[in-house]
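Each structure below appears as structure tokens.
In the two complexes that follow, chain A is the common piece, with chain B as its partner first and chain C second.
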Partner chain A sequence: MNNLNSLQYFLPELFLSASILIIIIVDLLLKKDKKIITAYLSVLAVLVAFFLAYRQYNYAFTSLFEGMIVLDSFAVYFKVLTALSTIIVIFISMPAFRRHSEYYILLLVVTLGMFLMVEVNDLLMIIIAMEMVGIISYVLAGFNKFNMKSNEASLKYVLYGAASTGVMAFGFSYIYGLTGHTNLFAIQQAIVGHSLQPLPVFIAFVMVVAGLGYKIAMVPFHFWVPDVYEGAPTPITAFLSVGPKAAGIALFIRFLITVVAHPASQTTFIQNVQIQAPLLLAVLAVVTMTLGNVSALGQKNIKRMLGYSAIAHVGYMMMALVVFNTRGFTAIMFYMVVYMFMNFGAFWVVQSMTPHLGSEDISAYKGLGYRHPLTAVAMAVFMLSLTGIPPFAGFIGKVYLFAAIIKQNWYTLAVIGVINGVISLYYYAYVIKVMFLDRDEEIKAISVPLYDRVLLWLLLIPVLALGVYWGPLIDLAHNSIGFFFGN
Partner chain B sequence: MGLISLATFFPVLGALIILFIPKEKLSTIKIIALVFSLGSLVVTTFLWTQYQYGMIGINDESQFQFVEHLAWIPAFHIEYFVGVDGLSFPMVWLTSLLGFIAVVASWNIPKAQKGYFALFLLLDTAMIGVFVSLDFFLFYVFWEVMLLPMYFLIGIWGGPRREYAAIKFFLYTLLGSVLMLLVMLALYFNVQDPVTGGHTFNMLHMMQQSNHNSWLSRFDVRFWLYLALFIGFAIKVPIFPFHTWLPDAHVEAPTAISVILAGILLKMGTYGILRISYPIFPDIAKYTSYALAVLGVINILYGAFVAMAQSDLKKLVAYSSVSHMGFVLLGMSVFTSAGINGAVFQMFSHGIITAMLFLIVGVIYDRAHHREINGFGGLAVSMPVYAGVASLAFFAALGLPGMTGFIAEALVFIGAFSVYRVLTIIAAFGIIVTASYVLWTVQRVFLGKLNPKYESIGDINGRELFTLVPLGLLTIFFGIYPLPILNMIKVSLNYLITLIP
Partner chain C sequence: MEATQVLFWFIAVVTILSAGIVAFSSKLIHSAFALLATLVGFAAFYVYLGADFLAVAQIMIYVGGILILIIFGVMMTHRIYDTSKRTAHNSLILSLLGGAAMAAILGMIIFRSPWTATVFKTLKPTTSMIGTSILTNYLLPFEVISVLLLGALVGAVYLARREEDEE
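For the complex of A and B:
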């Protein structure tokens, strides 16, 4: 579709772009003590974008801007998901960031970048969209500019990001050199049609995996994660572990099913040329989750622990990538939603409790179960859900991930996966132990504001509800993947 | 909603109500816990009066009783499918009984009572759920949900090393259950629903060998799946060498939770093998039966010898459980009518007897604040009633004729002797070891010279008697007249062994 006609399908992005510009101007006019209005406006803007994106769900598959971007239900699913993650993050940030209004505008820009990331269909657009998210993320990670750790986090993030983007771009140049196209579908046809040599395609694939792997915090491109997660402001840590990661995984899936594979039947994909991509992904998944879990075991700082746990969860999700079929992708899409709620829940507890506890160390949570039972119980639910214990949503998510690989007889991978789940119980249960089993003699009750409690409930309810009834969400995820086969 | 669901979810309803009661209203919380656990017992007792003794169950839905079969997540073929047969009903009733008794036994729990009773009621629901589930997914959910309250109940209200014991229990049992998760998913994809042709979590469909696809018919596949499932259940039983969590958990848990652990949770392991492993993989069950018998004999002897070496009364009772569960394993491994009926009767009987033993340990610990066997002596003088009840329980554990333990062990030996003669003779030696540690314990605690420290110790009180006497009466009643249980279980179990090739 040509550029002019494409605009009508580009409403959420256009609306977001306009809101960003308007909010910047409004923000300039606001007095110092009224800056919080920017946050309200930002929520409103993302909310509208959320509904605009949601309305696109039933649109037929459309290729926009001469094939640079595609609009399909898969993109819409992730747009809705990332918009929701931005909304939640703004709510998480509001109590802490009352004056720094530019913070919210930066979040809007990242949201726009994530929208683009999940709908790209061209190598150049991939780089543009990823850098749009990346560069703003660097700024956000270093937002506490007088905090040394925050500065260090930001710098590390920039350096790793620049290096991995460079490697990825180099990989893209290989792909372009091999096929002569930048459009993902054209590349797919070129690779299938000309039955290329596997080796150069494999090298290009590995380089691109380096770039994407950095974005989703996959081992061995994860070195930035613990430092950035510890140093960045807590809401940003939460955001990085969900929003950009979801967008990265969506991009990864799109790359896999175009450049690496093509549909073979109504539900499965087959590699364009035999480059052992599933095996490579399986090895990376195993390394990612094992290293994430083992490193998390000894952590003292709760944000660092959650950082390593986030790496482990990427490993779990990558397990389902290896099967190259709708069951696997559906499982990942479902897991991402579940993961969003439980991970945001855990980070919100950290964010709302840190002022009361005075520290981000896990040991500071001692006796929280008696000081503020609701928060501690919610935290316990989030931890157990992250472990994957029923009746919480995380369990259902994991069942779908394991089901996808067991269906294709990846038993070794599945066994390693479940043993990782048992390992992870140790450090998640450690938080629970500190909150409930360790007890001070005198109990200093904490009073938590209504706002904090309401937001906690809003994050807790989906984790509980999706644990006992998840049919509609899995159907939605399943339908969102069907378009790849023309349904 | 049917009566089975009512019996299952009634306790958790109580837990929800407790959450909305301020923690200062202690007696209200306790009464609610009492009412809701009693409610479950009333329902299951009513079900017993309605129970039809001739129905088989096992792998035929029409032969199950009080069945409820509803869709839950149709896209993933998960159903809410519950029902009981002769294998599960004694366990369901025992669970609701011990659930109620444990609430009474927890009456004076020291701290955070609100959380304790809410978690306990959740545990009660999960346990009954395990025994009534006929959908594997549902079974798995209940099986794992049980771990959460257990972790907190041991970890918060337990003894000095409670944190270690709680996390050890949690990690061990989770390791077992994740293996079960994989087997469950493998079965889901390789068993065909005969009606719809799709995948299924329905256990009864999984039991029909004709529904298995060619992959699932391969011997090596079946062997590994059986083994993974077996480890999951073996950890729960616990079968040597997976038993190391047991002494820690039992010793550190508060009295009522030890009662539940030994009385119900251990039985879930053998129940799982009988309910799931045997009917789904009968050929592998046959293939591995000798190994199971050997493990059973090891459990009997190892448990008994280690029990004899203990100086801590509670640890002694804990190891005696390992020993007694060995009889269940031996009975199950021979596939004779007497053997398997003896095994399930032993599950029921040991549930009652070991509950009594842990309650008895709790009574003395509440008064003396220690459990050193050698620290007592002559208690029969200062606590005559207690000594009487305790002797009854200890003799029941020893397998004295006239009590349930005797019937169960006799049946197991009769059933096993014709199949594994040497093993049975070795196992019978375990009876002597059991007798010696039980009698030696009774002698050191209740007989001999009264320890002057305990001259004025109070005798057992009314509430404690209320928890012990019903169990004591049941041991004697079913010891003299075991037919109500045997008639219930034999139809199902005799059919179960016909499935084994």
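For the complex of A and C:
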């Protein structure tokens, strides 16, 4: 579709771009103590973008802007998910970031970048969309200017990010050189049509995996994660572990089913050229979750622990990538939503409790079950859900992930996954033990504001509800992947 | 051998040698200046490939902009004529092994793959073609980059600005 006609299908992104400009101007007119108004405006803008994106759900598959991006239900699913993650992050940030309107403007730019990431259909757009999320994330990671750790986190993030983007761009140059196209569908047809040699395609694939793997914090491209997660402001840490990661996984799936594979039957994909892509992904998944879980065991700082646990969860999701069928992709899309709520929940507890506890160490949570029972119980639910213990949402998500790989006879992978689940129980349960079994002599009750409690409930309810009634969401995820086969 | 070929090999040798100096020199400022020759060499290669616009952009952005910034950075960090700052080097054997493996794999790909060659034999200006592409097929990336730059500017201003209420 040509550029002018594409605009009518580009409303959420157009609205976000306009809001960014308007909020920058509004910010100039606001007095210093009124800067929080930009936060309200940002929430409003993302909410409207959320509904505009949601309305696109039943549109037929369309290729926009001369094939630069595509509009399909898969993209809409992830657009809605990433918009929701931005809304939650703004609510998490509001109590702490009252004076800096730049913060909310940058979050909106990242949201626009994530929207583009999930709908790209061109190598050039992949790089631009990823950089849009990446470059702004570097600033957000270093947002606490006077905190040395925050600065260090930001710098590390920039250096690793620049290197990985470079490697990915080099991989793209191979793909372009081999096929002569930048459009993903054209590349798919060129690779299938000319039956290229496996080696160059494989090397290009490895290089692109390096770039995407960095974005989703996959081992061995994870070195930045613990430092950045510890150093960045807590709401940003939560955001980086959900929003950009979801967009990265969406981009990864799209890359796999266009450049690496093509639809074969009603539910499965076969590879364009036989390269050991599933095996490579399986090995990376195993290494990712094992390293994430084992490193999390010894952590004293709760943000660092959650950082390593985030790496492990990427491993679980990558496990389902290896099967190359709708069942696997549906499981990942479902798990991403569940993961969003439980991870944001855990980070919100950290964010709201840190001022009261005076530290981010796990030991500071000692006796929290007696000082503020609601928060402690909610934290326990999030921890159990992250472990994957019934009846919480994390359990259902894991069941779908494991079912997808067992159906395709990846038994070794499934067994390693289960062992990893057991390892993770140790460090998640340790937090619960500290909160409930250890207690001080005198109990100093903590008073938590109404705002904090409401937000806590809003994050807690989906984790509980999706644990017992998950049918509609899994159907939605399943329908969203269906268009790749033309239904 | 024709004159263009002689020139090509000359440029290739200069580019690779200066890239070697960038990597192996112990003094930071030597690396920075050697990078100049490497980047200009690349611009010359682009001319050989018929990419005149890219060559000019390479000189303007990398040589004119980024390299100057790097040299300023090096000079401001240490005292101006103090070029004694040492760069760190990793274990030679490991680096050689890694580099050799990389070169072998990349060489295999480069010499064995059926590349779709689109290099024009005759040199013709590409600037107007690029301009047309940017405003037709590649309009969206072009516009999106402006939002990206706006975001980067806002972020850069925030990070560089002095806060009024501290100190």
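As a convention for this text, the second predicted complex is superposed on the first by the 487 of 487 C-alpha atoms of A that agree within 3 Å, B and C clash if a C-alpha of one lies under 4 Å from a C-alpha of the other, contacts with A are read in each partner's own complex, and residues count from 1 in each chain.
By our rule, a residue touches a chain if its C-beta (ideal position, glycine included) is under 8 Å from a C-beta of that chain, and two chains touch if they have at least 3 such contacts.
Please read these numbers as outputs of a predicted model, since none were measured by experiment.
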Look at where chain B and chain C land on chain A after superposing the complexes, then choose clash or fit.
fit
Go through the superposed model and pick first if A:Pro95 touches only chain B, second if only chain C, both, or neither.
neither
May I ask you to decide whether A:Glu66 touches chain B, chain C, both, or neither, giving the answer as first, second, both or neither?
second
Looking at the overlay, does A:Ile128 come into contact with chain B only (first), chain C only (second), both, or neither?
second
Of the partners chain B and chain C, which touch A:Asp475 in the superposed model: first, second, both, neither?
first
Which partner, chain B or chain C, is in contact with more residues of chain A?
C
Just to be sure I read the superposition right, which of the two partners does A:Ile406 touch: chain B = first, chain C = second, or both, or neither?
first
Quick check for you: in the superposed arrangement, does A:Pro198 touch first (chain B), second (chain C), both or neither?
neither
Could you state the shortest Cα distance, in Å, between chain B and chain C after the structures are superposed?
40
Of all the chain A residues, which ones make contact with chain B and with chain C?
none
For chain B, which residues are in contact with chain A within the complex?
72-76, 112, 140-141, 144-145, 147-148, 151-152, 155-156, 162-163, 166-167, 170-171, 174-175, 178-179, 181-182, 185-186, 188-189
Of chain C, residues touching chain A in the complex
105-106, 108-109, 112-116, 118, 136-141, 144-145, 147-148, 150-152, 154-159, 163, 166
Which bits of chain A are touching chain C when the two form their complex?
3, 6, 17, 20, 24, 64-69, 100, 102, 105-106, 109-110, 112-113, 116, 122, 124-125, 128-129, 131-132, 135-136, 138-140, 142-143, 145-146, 174, 177-180, 194, 196-197, 199-200, 203
The answer for chain A against chain B in the complex is residues 370, 384, 389-391, 395, 399, 402-403, 406-407, 411, 414-415, 418-419, 421-422, 425-426, 429, 432-433, 436-437, 469-471, 474-475, 478
